[in-house]
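A, B, C, D and E are the chain letters, set down in written order, and residue numbers restart from 1 in every chain.
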Amino acid sequence: AETVKVGVIGPFSGPFSGSFGEPFRQGVETYVAMNGQPTEDIEVEFIYRDLQAPDPGRARALAQELVARDGVQYLAGFVFTPNAIAAAGISAQAKIPTVIFNASASAVVSQSPYYVRTSNTLPQVSVPTAQNALEKGYRTVVTAVSDYGPGVDAETSFVKAFEAGGGEVLETIRMPLSTTDFGPYLQSIQLQEPDALFVFLPYGPPTYSFVNAYRNNGLDDAGIAFVGTSETQEVDLQSLGEAAIGLETGYFYSAAHESPENEAFKEKLAELFPDAEPNPATVSAFDGTHALYEMIRATEGQPDPDAAIAAISGASWESPRGPITIDAETRDIIQNVYIRVVEQEENGRLVNREIKTYEAQPDYGVQD
Amino acid sequence: MAKEIAWNSVDAGYGRTVAVEGITVRLSAGEKLGILGRNGAGKTTILRAMMGDAKVHHGTVEIYGVDVTGMPAYQRNQLGVAVVPQTRDVFRSLTVRENLIVASAERDRTKLAVKLFPRLGERMQNLGADLSGGEQQMLSIARAIMTKPDFLMLDEPLEGLSPTLAQDVMKSVRKMVEETGLGCVLVEQHVATVLDFCDRALVVQRGQMVFSGTTDELRGRPDVLESAIGLSAVSSENE
Amino acid sequence: MTNTQRTLGAAAVIPIVAVALVVIFPNQQAFLAQIAITALLVLSLDLVVGFAGLATLGHAAMYGAGAYAAALYSLHVWAEPLTGLVVGILAGGLVALVSALMLMRAHGLTFLMMTVAITQIIYEIVNKSRAVTGGDDGLYGIMMQPLFGRFEFDFYGRLAFWYAAVVLWLVFLLLRHIAASPFGLTARAVRDDGGRVSSLGGGIFAHRVALYTLSGGIAGLAGALSAQTVQVVGLNTLSVTYSAEILVMLVMGGTGRLWGALLGALVFMMIHHYAAEVDPVRWMLFIGAMLVMIVLFLPKGLFGGLEAAVNRLREGART
Amino acid sequence: MNNLLEVRNLSKSFGGLQVTRNVDLTIAPGDRVALIGPNGAGKTTLVNLISGVLDPTGGEVMLDGSKVTALSQRQRAHRGLIRTFQITRLFHSMTVADTLRVAAIQKNGMTYRFGWGGRSADLIEKSVERVLTDLRLQDRRDNDVSLLAYGEQRLVELGVALIMEPRVLMLDEPAAGVPQSESHIIMDAIENLPAELGVLFIEHDMDLVFRFARRIIVLVSGGVFCTGTPDEIAANEDVRAMYLGEAS
Amino acid sequence: MLSLIASILIDGISYGLVLFMVSVGLTVTLGLMRFVNLAHGTFAMVGGYAAATFVTALGLPYVLALILAAAVAGIIAFGLEIALVRRVYARPELDQVLLTIGLVFMGIALSGMIFGNSLVPIRLPEFLRGSTDLGFRSMPTQRFVPLVLGLLSLAGIWLLFERTRFGVKLRATVDNPRAAGELGINTRRVYAAAFAIGAALAGLGGVAGAELLPVEPYYPLKYLVLFLAVVAVGGPGNMAGSFVAAILLGTVETAGKYLAPEFATIALYALMLIVLSWRPEGLFQRSSKT
């Protein structure tokens, strides 16, 4: 059998390994375990390369080395926008089809004609979240986001959609990434008495501190609703504990999504990785692997980048998250966005219960 | 056990270099030993070998018959040896009082120090770093005495002291030797002081022991004084 | 060995190593270019740490300044590489000069924290100026013109490597010359006891400012090389974390000797790269243990250890 | 006669402690003045005030008739006011020759030269050689200063001052730690200095003071207690009682 | 207006107390011992993991877990001191940097392998959860933990290091280890004890501050700058200085968050820059009492 190599670049160690690196690997391996090899005589080999944090220089060097030395036909992974953009030069010039598992700035996919994305963009989830806020009758909001690319994208698109729907944004706060004490922000938001608070924070410690501070500073008692996106994602959910119960968020994947595809996926994942949580990043990698398989099958394992990209553009399939499509034009993902509420199950575990669906959401794009 | 300290054919130095060779000398309680020699002859190194600051390449140093060659300095001090280093080494960030307290074997012997050096009494709350050169020297001497040693090694203790004070210090040390049976090693540049104060003397030249004997014998060896210390007119100095 | 022989010998090392690296790692030239650029940055750091005796966690401020300046210059003014390098030098030197006026009276932990503060402030400002810098998404779209109007930057990084290696080589020779000069000797004196130099009529503040600015200029040069060869500049170029990483490389190699900077950068990057390749998850354990071992067994860093080993061999050969 | 150095009414307090009290003194070309006094009398402090290490709380320092009180230590050094330190301060990572070179570089304003070569570089080498010879340190030229015996470090400390070709030289216990037998090397070196130089030195070794000084200032509790020729001072009962003791 | 100022002060001081608690151990190891201990956060993290394990896995009461966590951090540090740290006290600061960074890397990798790469919460007991009503506003109840522990450790450390012979011995040893040994001080023991105390305090801080700085493998690197800032601004080795510095930094950052939300970080670092330019030795410094 012939071997097709895929280089996967992501944070397999470091502060982002828990929320991205490990889920990437779990998603890939779960897909392979469920589907075997693409065809009988093609074997896929995944080569993992660690890239802990944004570092375009290393990203480019790793991509170059994977292509030139290791002879990979495909690249995949990428959590951070600058890394994805740095590798775009290699992808474009060496014609390497690349599946983005996360990097979420709208501009990423357009950087190389061989880029495909199976995660999401922030406008994609923020716009429906804003619509939902309007539908719930919130008229005034304050937005509080971490001051970095995704945060700014989330804020910009939320504000635009919310104001377009007739809502009023009282204040937009961008909190420095290094913030650890969110109390003061929440206290000053409380003074403005908005109907709701729109939030976007990176996974892990900031989300944990923020959610606790939201509860402990009494914003919920004051009736200021929490409107979030990825804050209750599965990797953090159990550690958030009681503080998370009742929080409402809009995002593209919930582990509690009810479908046979999701059940099968979760079952296999639990079998392979007993400690793993089914996470949005896991599903993005799972679907990304599906995209890779599609391209490999279409080209029969031969290096034919244009045919590969043509094969995946416009493709649709049923993912564990629900139905998804790769936009034929932009090669970006089109997917449902679900409004979920955190509930506690019998066994004490917390889940994101889906309560509403916004179907087939495109990337709404942001220009700032 | 005999109250004595001893260097037994000691070769000592720093790192791989050897600064003194074949030093053999014994000192009993109540004795006063002087060490003479030119700059860089190795006088300080001999004292350091006793405290473990110089590396002993060969031979042993003993305190009360115990071979202390590998022992940490604090244990040697607790056995009864103290040193007043040439560089004084006062704790610059500690006050004078703290400098004294930290060295006190018993609860608070600072009164003794003040009696010896009234000047220190006026500077109790000053940091070591702010003392004048002579005051630091006083503190260094007082501090060593605070540890209640049986043997006191003084490395050029008079340097930087005013003539009156220098005389006072030597008188006090002499008194301690006589009253408490302190053993004393004195490294001094002033040949006269050594001849006057010590019972015995050691002369080192380029790391070698070139003389060991009583000070009276040394007086009769102008050749040693001439070649190892460079003094031709000791007698006139001494008058 | 005479002095001239020694100088020639030293001058030959970098070209020989560069050729050897290309022969051994023919398909990893983008990575090799990274090493050369990092070595240049660590070299500039040695001026502050080794020659001025000041530990800093803010060296990335100048590196990043050079990178962003060169990137903006190529995007908006002229995409010619060599003038871009000059822009990088000026930007790094300027940032260094301005911060030196605040920094150069401090030392120890105070100095360290002031460099952190300055770097963080610059970082925040660049992060907030998204319209100009791209913020956290990075500044991209850089397309360099061919070098000397003839040599194209290829995606394999072949030109990038040789370009960076030659710059590194020239700077190294320059710094060796400076280290032995009256300026360099005074730097060591200022490091050992600045107050003593003032008592001899030396202006230590001005001297330190000059040294820091020189170092900043070279850091800026490294930044410009990075911007031109990677074609994307990210906020990581301005981070305290990156400053810490290059400091680790320098100390590991050995401070104050220039060679140590080169060796530290090369060895650290190689080991990091291959350890992470062998075990992308647990390589930090290995690197950590390696650093501990180096401290315990090679007190003068890798270069000190190498030197000692060579001396022992020589002595062995003689007897 | 023009005074090289003139100190008027100089005072210094640390907190409540007055360490220098209204000191007046002058040094003329060719002067060899000894500053003596009990420990803690304020001798080193006075040198620190004159050289600019410390700022006075009152009074003036004049060099060549112009006020330098507001100038830094560095600027005063440039005008030829050079001092040594009671506890040696040398560059611990350097060899003896390099230490002297550093001083010569500052002296000749070559700090910002990025290479050797040129006539001034020869000048530097020559002056380094001369001082090494004068202090009999030729054997030690390539030794690290931090590894020298203390007495030898004192010599280098002096060498650093000499290479600066000072006009007023202030020495804080230059012979402390140097054996009696070798202190003449230091004194010879000072004696061989150009005659028009003014020298102020602090010393507790009375042999040296009386042999070398032409004028002695006795400082007590921060103030000038008396001034006189060596004979006058030696004969002064108060000074004997307070400072000199039985010796001499 | 008045309530804004009150809010700034309340939030600022309570944040400052968290900062003090997480850096108090470093004022011992870096400040007093002059050991460039970049691994401080590692010991804080060890304390945090230990407490989380004691509470969650063993079901011990919070307060007991807190004390045991400090002990665990202290004991581990004691072992490391004997095995590694004591070899580098006399070495240049940069060697200490390299060693402790090495320890940090190893700590990160090991904790990731043992506890996973996500954060581990320390479950609070009922009486510390939720918020406390202050009349005009509310405050997280948990913040009383750093308040009480902060004041206790400030007093305890001050007594230990300024008022006991052990404290003077430590300062003497740091000042001049050779002279201290020659005066009969067992310098090794003094150092080992001080290092363990510093690490135990770090462990305590790791638990007390866990609501804001949650425990996870990257803890030691992520907050390093914060710890160092408190010590530098306060003046190394000065307990009261660190305390004031922590409160000051906390209050200024908090004021920034209320008044100019986006510039809170810049305000913090600008303050640091100003204080350190004005007082290079930190806010407080020992001097002669004349």
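Going forward, a residue touches a chain if its C-beta (ideal position, glycine included) is under 8 Å from a C-beta of that chain, and two chains touch if they have at least 3 such contacts.
Quick caveat, the model's predicted, so the values are computed rather than measured.
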| item | value |
| --- | --- |
| Centroid-based (C-alpha) most distant chain relative to subunit C | B |
| Greatest separation from subunit E - chain, by CA centre | D |
| For subunit A paired with subunit E, centre-to-centre distance based on mean C-alpha positions, whole Å | 35 |
| Whole-Å gap separating subunit D and subunit E, where each centre is the average of the chain's CA atoms | 47 |
| Computed distance of Cα centres, subunit D from subunit A, in Å | 73 |
| Where subunit B touches two or more other chains at once, by residue number | 130 |
| Set of subunit E residues in contact with two or more other chains | 109, 262, 265, 288-290 |
| Contacts with two or more other chains, residues of subunit D listed in rising order | 14 |
| Interfacial residue positions of subunit D with respect to subunit B in the complex | 14, 36-41, 43-45, 86-87, 147-152, 172-173, 176-182, 204, 206, 242-248 |
| Subunit E-touching residues of subunit A, taken from the complex the two chains share | 13-15, 17-19, 21-22, 147, 173-176, 178-181, 183-185, 187-188, 190, 204-205, 208-209, 212-213, 215-218, 235-236, 239-241, 275 |
| Of all residues in subunit B, those that touch subunit D in their complex | 14, 37-41, 44, 86-87, 119, 123, 130-135, 137-138, 156, 159-167, 189-191, 229-231, 237 |
| Complex contacts: residues of subunit E adjacent to subunit B | 165, 168-169, 171-172, 174-176, 178-188, 286-290 |
| Of all residues in subunit A, those that touch subunit C in their complex | 12-14, 17, 21, 48-50, 53-58, 60-62, 64-65, 68-69, 81-83, 85-86, 89-90, 93-94, 105, 107, 111, 147-149, 152, 176, 368 |
